[in-house]
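Which chain is which? They are A, B and C, in the order written, and residues in each are numbered from 1.
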Amino acid sequence: MQFVQIVIGGISQGFVYGLVALGFVLIYKATEAVNFAQGELMMLGAFCGLALATWAGLPYWAVLLGSVAILAAFGFATEFVLLRPVFGEPSFSAIMVTIGLGFLARGLVTMIPGFGTDSHSLDAPFKGQVIEAGGLVIGMEHVVIIGAGLLLSATLYGLFRFTRIGIAMQAVSQNQLAAWYVGIPVRRLNGLVWALSAAVAAVAGVLLAPIAFIHANMGFIGLKAFPAAVIGGFDSLPGAIAGGLILGVIEALAGFYLPEGFKDVAASVVVLVVLAVRPHGLFGQASRKRV
Amino acid sequence: MRFLYKTDYDQDIRLVRHSGYAFWYGLLLALLIALPWVVSDYLLDQAIFIGIYAIAGLGLMLVVGYTGLVSLGHAAFLGIGAYTEAILTARGWPFPLSVSAAVLAAASAGVIVGLPALRVRGIYLAIATIALGTIVEEILARWESVTGGNAGLSVSTPRGLFGFIGAAPGFYYLTLAIAISSTLVVLNLLRSPTGRAFVAVRDSETSARSLGIHVARTKTTAFALSAALTGLAGALYAHKIRFLSPDQFTVLQSVELLMLVFVGGVGSVHGAVLGAVFLIALPQMIAIAKDFLPPAIGGAAGLQSAVFGALIVGFVLFEPLGLYGRWVKIRHYLEMFPFYRRGTYRRVRVFQRTERNR
Amino acid sequence: MNATQPAPGEAILEVSGLSIAFGGLKAVRDVSFTVRRGEVFTLIGPNGAGKTTLFNLVSRLYAGDAGRIVFEGRDITALPAHRIASLGIARTFQNIELFEHATVLQNLLIGRHVHRRTALWEELLFLPSVRRAEIAARERVEEVIDRLELQHYRDTPVAGLPYGVRKIVELGRALATGPRLLLMDEPSSGLNVEETDDMAFWIEDLNRDLGITVVMVEHDMRLVSRVSHRVLALDQGAVLAVGTAQEVQSHPAVIDAYLGSAHA
């Protein structure tokens, strides 16, 4: 029984990782850039939500929508300002620019007096509620996160697979020049992808807020999202959620059954195992160069 | 403008390419040797740190700049070098032996890291290195019997070498000597077949293979050498900072090292040194600038982080070749004056192709 | 030179029953042929016929599903890719695979890697033995530069060079390894008429002066007729015909699959 409860806890945490990983994979799938600032985007989403709740006095669901809108605009703007100039440079530059963005975001938020330096919490209407079934307990906040994770990943998967925009995004990630020649608005699409990814991050941030504390360093959870994306396959959207799930469960079990300290390295160990055994992850596609 | 008239293959091989090199680098050497008499104790201290970070930067530059492997876990090698040195010094090992052991420990870690990590590329390698760095950091924290865990480990004075290296000018000269030798070793490597093999692996693994280069072994060699250099820097670091704790060797430090390499100028030895200067000088400059800023900004906790971030972004957008790249452009302008053409260094826009099949 | 007579010489490369499939696609199907020392052997065929795949199999960048490859009497079917160059086999690539951020000279010097005799520790200290080895390598590379007239481009980073020159640099890099067998993948693709003539000249040059056996993939039938001793036509992974350029060009199956009736 306790085992199942632990697993449920792991699943809940896993979906948090999965939501953040979803944002990564989205950007990677569409632009082959890795956004090292994804965690910070989530942090910005949470703070945005906090601001809307505290200063505008909006109810929770309006806060969620508002954060999503604001972060989407921010994501689009970020792509415009930071990533377009890096177009065509080696991928190292894109990595550095997102690392820089992360530092900048973290620093700027911390500089906001009173607001950025403390930890805050955000209340949600479902905070504190639980669902009980057969002796097992799960918090409503977690249920909402799980629901959001499933919904978002299904929607985005459908977007990429079945809509013209999604296929256009995949085309852009394979060969930008060719995509341009067939009339795909590459720059606009890249901006859209970043906007989407930031929106997903905002959802993650606002949904996470009732559970965890909102503080400037909460973006470090992004470091855990990487292993999740790797496990699932860096170019697979459902994989991101699956990877997060697996990671969350393994962490929860490690935390309970293994000596202290293993929980923190569980993510790292799993990632290394996956990279050694199946580098393209569970759902990713293996690829090989043709010369 | 200088016209080089080459009559001998040796002119392309030797390190001192022409008399200009001899003059300016000779001057630099003289200045560095005279430094303790010229600057304050505090600045000498900073110079020692610059030397240490330059060595670590050289290590990272070898893998990132020359072999094209992104590593976000190099702080682990710094930590392994530092802790090995601290532990062995505490057990009474003389300095040359303990440093050699530290370098060996770091190099071995580099080989071990290389085995799984180097079978993957690009972003996967970066993530693998983050994972390995995290594991090492955790080991340093948990293995309390040896490393003192999170409570930290104090480092005693180094022994051997006539005992004078404990004091500031002595330690400065030691760091200087080690930094110069490391630079020479790296330069030697780069002008020999192994160094060229690194570059080949970076630019095209497929054709490297078809030219007889054992790609996996080359990458592992690069990683091992890089780890050795970084471990060496770690050993010096331990003695300089006198107190070690695992939180000095986290992913954040690895990112700082990467930033050092990038801002300095990827793919050049000068870049490692310039990057080190930048990394050490920046907090000082921020501290000075704080006095001129309104207290709301200057006193804020996140200022350093924000400035770091802004600078990285700025360099990526405006000077991706780094400080050394900017210096090369300036020097070129001065050499060619007034015939400098504005388009010489214009970046060619290349349209992105998927790197998944590289 | 009109090479209609097959060149005498023992077999240098024997391929028997080579096959590889990618998923459901059989890219190479039971291909067998023999290349004789000192000849220029050309593979022709429509796009997707499996010519480059065949090259990749021989240079061991791919591992075949079945078949044997024997080079100079030695079975290389299972040899790792990086061992091929040391046996004396070099290749050029269809889409140029040069080291973009290095100069022409450095690219060629990397070609000398198989002849490296110095150990890592010697290189780190740059002992006199390393210096001597470097100068020796440089002398060999300069021979290649002279032969291919690349003096002007010696210190230019490859990335900025025109396409025709890059093709020559890639040839030079392959030559620098000192090969006995040279695999050239579409040497004339992307070259204009003059550049193709130059390339033809060099191929004949290497073949006659240096005695290098050349196996090449080519589409330009004029070039093929000019330099080849024998030609093999491939279609959908299987051999259609082998013989002199004339014989193959007039073979009905080849005309059907590849050349079109205007060539009959």
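Note that a residue touches a chain if its C-beta (ideal position, glycine included) is under 8 Å from a C-beta of that chain, and two chains touch if they have at least 3 such contacts.
Since this is a predicted model, take the numbers as computed values, not measurements.
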Point to revise | Most distant chain from chain B by Cα centroid | key: C
**Study point:** Per-chain Cα centre nearest the global Cα centre, belonging to chain
**Key:** B
Revision key, fill the gap. Taking each chain's centre as the mean of its CA atoms, chain A sits from chain B at a distance in Å of 32
Revision key, fill the gap. Chain-centre distance (mean CA atoms) for chain B and chain C, in whole Å, is 40
Check your understanding: So, what's the distance in Å between the C-alpha centres of chain C and chain A?
Key -> 48
Study note, to complete from the structure: For chain C, residue numbers touching 2 or more other chains are 61, 93, 97
Study note, to complete from the structure: Going by residue number, chain B touches two or more other chains at 206
Revision key, fill the gap. Listed in rising order, chain A residues that touch 2 or more other chains are 291
Review point. Okay, in this complex, where on chain A does chain B touch?
Key: 28, 31-32, 34, 82, 85-89, 91-93, 95-97, 99-111, 113, 116-117, 173-177, 180, 216, 223, 226-227, 230, 234-235, 260-261, 264-265, 267-269, 271-272, 275-276, 279, 287-291
Review point. How about chain C: which of its residues touch chain B in the complex?
Key: 59, 61, 81-86, 90-91, 93, 97-102, 105-106, 109-114, 116, 118, 120, 123-126, 130-131, 133-135, 137-139, 173, 177
Check your understanding: In their shared complex, at which residues does chain B touch chain C?
Key -> 9-10, 12-13, 185, 188-189, 191-197, 199-200, 202-204, 206-215, 221, 267
Point to revise | Complex contacts: residues of chain B adjacent to chain A | key: 64, 70, 116-117, 119-120, 122-124, 126-128, 130-132, 134-135, 138, 141-142, 206, 251, 255, 258-259, 262, 266, 296-297, 300-313, 315-317, 320, 347, 349-358
